[in-house]
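Below you'll find the structure, written out as structure tokens, and then a few comments.
Letters A, B, C, D and E name the chains as they come in the text, with residue numbers starting at 1 for each one.
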Amino acid sequence: MNAIIVSALLGVIMMFCSWGIKSQKTQQSIALIGMFLLLLCNLAQLSGWFVINYDTKGMLAFTRFGLYVNTLFFAITFIYIWLNGEEIAKFANQAADFYALFFFILCGASILTSFDNLLMLFIGIEILSIPLYILTGSDKKNLFSNEASLKYFLMGSFSTGILLLGITFIYGATGSFHLAAPIIKPSTGLPQEQMILSAGLLLVFAAMNFKVSAAPFHFWTPDVYDGAPTVFTSFMATIVKAAGFIAFITIFNSQAKALGHSWELILTFVIIATLLVGNIVAVFQRSVKRMLAYSSIAQAGFMLFALYGKSTYANEGIILYAVVYSLATIGVFGVLIKMKENSFEAFNGLAKTHPLVAFVTTIFLFSLAGIPLTGGFFAKYYMLNALYAAGAGLWLIILAILFAAVSVFYYFKLVQAMYFAAGEPTINEVPKKYQYALLAIALLLLILGVFPTVLFNYLYF
Amino acid sequence: MLISFLLLPILTAILLLFIKDKKTATTTAIVGAMATLLLAVVATTTKVEAFDIAWLPSLHSRFVLQVDGLAKILILLTAISFPAILIATAKNEYKQQNKFLSLLLFTQAGLMGVFLAGDALLFYFFWELALIPVYFLCSIWGGDKRIAITFKFFIYTFLGSLFMLVGILYLNAHTADHSFSIQSFLHANLTGHQQVTAFALFFIAFAIKMPIFPLHTWQPDVYEQSPTAVTMVMSAVMVKMGLYGILRWLLPLFPIAFMAHTNVVVILSVFGILYASFIAIRQDDIKRLIAYSSIAHIGLMNAAIFSNTSIAIQGALLQLFSHGINVIGLWIVADVIEQQTGTRSMQQMGGLAKKQPILAILLVGFAFANIALPLTNAFVGEFLMFTGLFQFNPWIAAFAGVSVILAAIYTLNMVQKVAYGEISEKINTMHAPNKGAQAVLIILLIIVFVTGVYPQPLFTLTADTLQQLLVK
Amino acid sequence: MTFMKIVIALIILWPLAGFLFNGLGRNYWSKKVIAYKATGYIVCSFIASIFAFIQIQNHGAVSVHYFDFINTATVKIPFDFKVDALSSLFLLVITGVGSLIHLYSTAYMKEETAPHYARYFAYLNLFIFSMLLLVLGDNYVIMFIGWEGVGLCSYLLIGYWFTNGAYNYAAKKAFIMNRIGDLGFLLAIFWLIVKLGTVNYSEVLTAESLAKLSSADITGITLLLFVGAMGKSAQIPLFTWLPDAMAGPTPVSALIHAATMVTAGIYMITRSNILFSHSEITQNVIAIIGISTALLAATIAIKQNDIKKVLAYSTVSQLGYMFLGLGVGAYSGAVFHVITHAFFKALLFLGAGSVIHAMHHEQDIRKMGGLKSRLPITHITFLIGCIAIAGVPPFSGFFSKDEILAAAFEKNKIYWVLGLVGAAMTAFYMFRLYATTFLGKFRGTNDQESHLHESPMAMTLPLIILAILSAIGGVIGIPHSLGGHHWLTGQLSSIVAEPKEAMLSVSTEWILMLVSVAIAVIALLIALARYSKHTDEEPTTTLGKFFYHKWYIDELYQKAIVAPLDQFALFLKEFIEKKVIDGAVNGTGKLVQFSARKVRLIQNGQVGYYILFMVFGIVTLFLIWFNDYSILQFINKLTQK
Amino acid sequence: MPIQNYIYLCLTLFSIGVMGVLTRRNAIIVFMCVELMLNAVNLLLVAFSKMNYGAAYIMSPSTTAGIDAQVFVFFIMVVAAAEVSIGLAIIVMMYRNTHSIDINFLNRLKN
Amino acid sequence: MNALEILFYALSAFTIVSAIMVLISKNPIHSVLWLILVFFAISGHYILLNAQFLAIVNIIVYAGAIMVLFLFVIMLMNVKKDKEPQKQLLVKLIGVIAGGSFLTLLIALVKQNTSFDRSSVLLKEGTIGLIHPLGKALFTDFVVPFEISSVLFLSAMVGAVIIGKK
């Protein structure tokens, strides 16, 4: 509750900042302080010494898991703003507006990590989505940005319709929006009675797939990620997606049983389709940004493993995955922002002119590809483990690693461009401070690559 | 003690990153490698305690390093290889020499880790750690076609190791305490069918790494395109990772599956031996020739291990070491020639014996070790391996034996084209090889003959491993 | 025991010392030092051998243990040496003839520069070392070490003039053909290890071991051993390397390719005669191959014009005789022939070397002639050699050849008849050679004529010694029928269980001897008559061409074996490797890229389509849900074996 | 009134909305069709609400069962309103730049 | 068939026809007008279900505010009927088929679902649709989402500002 309230308040504060404070730097500082405050508030709730206690009438349920995920989200966003503050300022004379949107998004994310009622799910998703439509279109003069925004909006509202129909069906079958309710009734009823419930769940499933960009509901992702200003793509592809996943897991960890054994089949279908589309299509991209968009689909395929069954591996894995993936993606986009163009060729010879930047980019890419010694490896390992622990067939795991190998193919294209190709990189000036920030992210990934369990320790005491 | 096998190379590698001067960097690297060698000598001759600390509590994985005879012999090989390679190639100029050497030493750390790891996850870690620096080494400092070829190599081996990862995961799920230690893997109760599954998953990784037919096509290309120092590391030590994996993991963990697949694998290996030998006959590029020869040799070792006779395994254990020494020798000679003449085509060589007699003698020495002439180290190993294969199946041994003839053909072809004949235009430009390379070659040749005449210490070293394998 | 240990060690270490001395110090020593040391070491070894010989004459066979070569849980191969009647004889021949040839070489190789001179002697010493290892070893593995070692030295020496491509090719050919044989030998060793767990003579060659082996085992092992012998001793089909091996310096041909190395096969089979005697099949195979080789090589020798080639084919032919002897069970006869052959063939080669030396490296006998007066010592000694090889009594060749023929007669009359034909041809081509070279008038250039001279002392002395040995060498095996007591058979009785001693009546033996002598004498007279004045021109008859071109066997091998294998290798390299296997690997990559290109077209930028796909996606999800059972069944079927 | 009737009606409406989204090119019309879908859902929710209410009413006339669905509908309307404001803003922005709201022309980003 | 049922069917028919008209009207303005009719019809249904509050809100918010907004935008853009581009027939057909199959699937599902067999909708009766209970619920049980939805509006507002600013 702390997080939701504080983030909403901070959003409002930022709104007013845009009137009162003209300096971009100050705005960024305020945002950072706010973010830190948010983090503290959330930690306060997590450790239990300052909790805004309010009876939410079964709308929200704060679990250790959810709160911990919030903490991580806030921390990552903190890093994100710290890194990208200047870049954000370029899109408007008032960066504070964007900071406000970020806080609202975080509010939505906090709801998604703690909702206990489908109504809150709906509202949470909408709070998350609406600022995103705007962020996507924030480069107003840019036709790509406009187009991406409109596409995102149209498809997003369509998927909202699907989500609502699903929720309605669930309500029709169970008579409640409460998350814990549906499971009780069907277990006593005949299979025939579950029909409408299952249909509702399937529709919700489809809508959630849309949010996390899983195939065949991924179509918005490449276009939107590509069209949106890079700095916002970075945010969109990380925190927002991770929040979507947390919500997804929250629903289906408890509800998947209603779908019976076909749940695994359906999920398998989606996973395979997602991995296939994401990995295969990424291979042929000429734009790094678009490649990353497809790769984010592929990563979603991996994260979907956490849905396969409830286990500690799945819970720990999704946290690790979300954190590692977010850090790496923010890092890669952070580098991409500094490039003058998005093509692979732009990176040619980067290792010679900017060795540190090339090095950190390599770490980010390694992490995305799941190479050991970077956090990405353990993230993937946990996911595979979760999959196996949930009783999936070995063939699915093998399929997953085949696609992981394919993913190496396109991530390493960038590594090759940086290290082995001759040429001058078309890169803007990268300030030292910025480089160190990137290095810090890379080091975090390396630490997580050797000691991933540091991330979970907090989860248990 | 054991942790220093990792720390020493890694610290040296990190130190190297800050040394810009080429000469100082080279010296530092050599000193570091020599220190490791010293350590290895101590470790192989004394009893060493395992190193064991907690690592990933929630995954039940521990940081365990331990040695037995098998590990010792490979540690020794690794420790000998690196100084030898560094000294022999010390005169080679690389851009950003310190980074080159640093990556090379990172590779050494990875290799040491692979041979020392007593925990499957740790093993996998080092397995990859050994691969990644090599990827950069080859791609940055390699030949013209390096990028695509190294990339293929990387994806190929990476895919293979992913299979192994799945295998590790699979086994981990079937252990009682969900840990990754080799002991609990040994006690995992697997049915025959499960063993076969896990076996297949591990085997793919090892087969690609070795590589055995038909998964070998990356190797000649990579050997050809890599800087020779890296090629040496790869063919002398890295390919041993696959064989090591089979001896350390496959054979003890999945005896049923292992037994069920001996025929298939042995036949495949023997086929690969002949195949590679035939191709080697037609090679003009000296590096490719050595590469194919190496494929044939590794195939033989694999066949020997899979024949599952103690004689053959004993031979393979010895050959792990011997092959490494021999092949480094060959590579150094090839490198000296390439560095000085700028060509790898044997057609353009000839007359080395007249121009550089010492180098020619060394070449001939290693060539004969390569074809396992008696009183060279390779003879002992191959003799035992063939005997074991014969015990396994006489016909297969006879077929594999044809490789002895084919090896003679391609090796002598090489010797003839390189060393003999009138001095060619390219060879005429040669001057004496640097003292370091020469010294290394001579020392290696001495090792070749000493272990060829008196291999007993190596047998004693590996006796415990053999014993364990036989018990299982 | 320790005393013998030292003696035997000395025998073998002297040549090794010589090798190391000359090999490592090639740039430091003068030619004189090299020559003295190299020869001196072998002489030392010879003296030690004599010592060992006397020792075992007095005290019987000795086996000494030095260290364990291989000692593992399952297989134990000690580094043991054994000196007994058989090996001590070989020791004497090797070191004795070896010393002479070293001595000869010091003069013959004089034109070489010091480093190459040293290299030459290093190789030669190494060869002696390997050969000694071969005969001294107390088990098959040590023998094999020597076996390959001599092959190596042969390779090095044939290719001694390494700048010459043809010589290198010959060297390579020799090594590879030897290796083919070696593989057989190796397989036999494996077979022994697998069946008996040991390769020590003292354990393999016993009745208990024989009892453990089935007859198929014995036949298999002996055949494989014989394959090894085939390679080393140049028998059909692995004989073509030996004539080519004449590319090496002539003393090398004398030592390696006539006197010692090529007889290793005979040594090996004699050593394992117990095994061979138990396999009728193998014995027949050996006899047939032996006699065929003898005849084939003889026919070729008749038409050759290169002095060394004639001798080379003659060697092959004589080796064939020895194998015939082995095949018919006359082991001691074969060994006898080895010894006498070592004398007279070394003599002939060295004589040929002397001629070549005098003729400034001219080897074609058609360009010689009339050398009788110019090279008196060479002439006489060469003549003695020819007579000896032709089998004219009382020269040594008569006795040894006769013993083999007698045994052949006993075993199978056809062998005997064929053997006689061979003997006749031997006499014919040897005297053809002799007559063309030494008789008639000089046919070379004036320049050559003006420089004709007798060779120096260092070369003639070995010739004289060998001539004496060739002449009287027969004494060690004078048969009973001629009033001797056949000392050699007595010597070897501990090694060779001669099954049918003296089964032929004395009169039969006399008749056989007379027949063979008569035929040989007739053949040599014809040759003398025909070639004293004339030389052979290019052959015109089909048969003549056929022989002249060595039965086209090299061409046959080239066409039937080498070329197809070469093509096969090319096919593997160019097609299978590049197109099929690598094609499959790259194809996978291409497939991914191809599908990438196709799949990405779905992302056509039209939001309408996107939503359409989403709707279809939902429909698909529902359909899967409806049909879950049948789909699951299908997947299970796919994933289960 | 059987609940099925409402369900059929609402599903039909919803599907018409879907068809509209799929068949029209005008972004505004497409968006309107999405609104149609939402309204279909709203109606269905209210119908379900009254169904649940009806079931509970028999037990206790003072029940408030089903009220949650109606509140939900209220929220949907609220959200829809917010969405519309943003959506139209985007469409207008688009129109300002391209002078078209034809979604078929939104194909610069592809593949 | 009582009056309520007749009313229901009539309203339903009207709703569906209007909805279809939204689809097939070439002129966007007509589409908007037809949609407003649909909303009115749905409000009729709400009244039938005695959900008075929602009926009013529907008319005010949807038919009133939102649709006027739509109309505004369309008129602002001056999209003419004749300029209105049409999709290809095939694409339209596929769209209809997709929607149709979606409908068919769901109806088939509902038909199979047995739990609805005994359920019926309480028309006319009931107080939950009235403003009093709804308001009470909104500010007691649903106060959290109610407050949080303000965040939604705030963000929509900020967004509109960002987008709308020149």
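The criterion applied here is as follows: a contact is a pair of C-beta atoms (placed from the backbone, for glycine too) under 8 Å apart; a residue touches a chain by one contact, two chains touch by 3 or more.
All values derive from a computational prediction rather than experimental measurement.
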{"item": "Mutual neighbours - chains that touch subunit B and subunit C alike", "value": "A"}
{"item": "Centrality ranking, top chain (CA atoms only)", "value": "B"}
{"item": "Chain whose Cα centroid lies at the greatest distance from that of subunit B", "value": "E"}
{"item": "Which of A-C and C-D has more C-beta pairs touching across its chains", "value": "A-C"}
{"item": "Most remote chain, CA-based centroid, reference being subunit C", "value": "E"}
{"item": "Length of the line joining the C-alpha centres of subunit B and subunit D, rounded to whole Å", "value": "66"}
{"item": "Centre distance in Å when subunit C and subunit E are each reduced to the mean of their C-alpha atoms", "value": "101"}
{"item": "Averaged-CA centre spacing for the pair subunit D and subunit A, given as whole angstrom", "value": "27"}
{"item": "Euclidean distance of C-alpha centroids - subunit D vs subunit E, Å", "value": "5"}
{"item": "Residues of subunit C touching at least two other chains", "value": "589, 600, 603, 605, 607-608, 611-612, 615-616, 618, 622"}
{"item": "Interface hub residues of subunit D, defined as touching at least two other chains", "value": "3, 7, 14, 17-18, 21-22, 25, 31, 51, 55, 65-66, 68, 71, 75, 79, 82-83, 86, 90-91, 93, 103-104, 106, 108-110"}
{"item": "Per-residue overlap in subunit E, given as positions that touch at least 2 other chains", "value": "87, 91, 94-95, 98-99, 102, 106, 109-110, 116, 141-142, 145, 149, 152, 156, 159, 163"}
{"item": "Chains touching one another, given as label pairs in label order", "value": "A-B, A-C, A-D, A-E, B-C, C-D, C-E, D-E"}
{"item": "Touching residues on subunit E, where the partner in the complex is subunit C", "value": "87, 91, 94-95, 98-99, 101-102, 105, 109"}
{"item": "Touching residues on subunit D, where the partner in the complex is subunit E", "value": "1-9, 11-26, 28-29, 31-33, 35-36, 39, 42-43, 46-47, 49-51, 53-55, 57, 64-68, 70-71, 73-75, 77-86, 88-93, 95, 101-102, 104"}
{"item": "Contacting residues of subunit D [partner subunit A, same complex]", "value": "3, 7, 14, 17, 21, 27, 30-31, 34, 37-38, 40-41, 44-45, 48, 51-52, 55, 65-66, 68-69, 71-72, 75-76, 79, 82-83, 86-87, 90-91, 93-94, 97-98, 103, 106, 108-110"}
{"item": "Subunit C contact footprint on subunit A (complex, rising order)", "value": "150-151, 154-155, 158-159, 162, 198-199, 202-203, 205-206, 210, 215-217, 219-220, 222-223, 259-262, 265-266, 269-270, 276-277, 280-285, 393, 395, 406, 409"}
{"item": "Contacting residues of subunit C [partner subunit B, same complex]", "value": "67-75, 115, 141, 144-145, 147-149, 152, 155, 159, 162-163, 165, 168-169, 172, 175-176, 179-180, 182-183, 186-187, 189-191, 193-194, 565-566, 568-570, 572-573, 576-577, 581-582, 584-586, 589"}
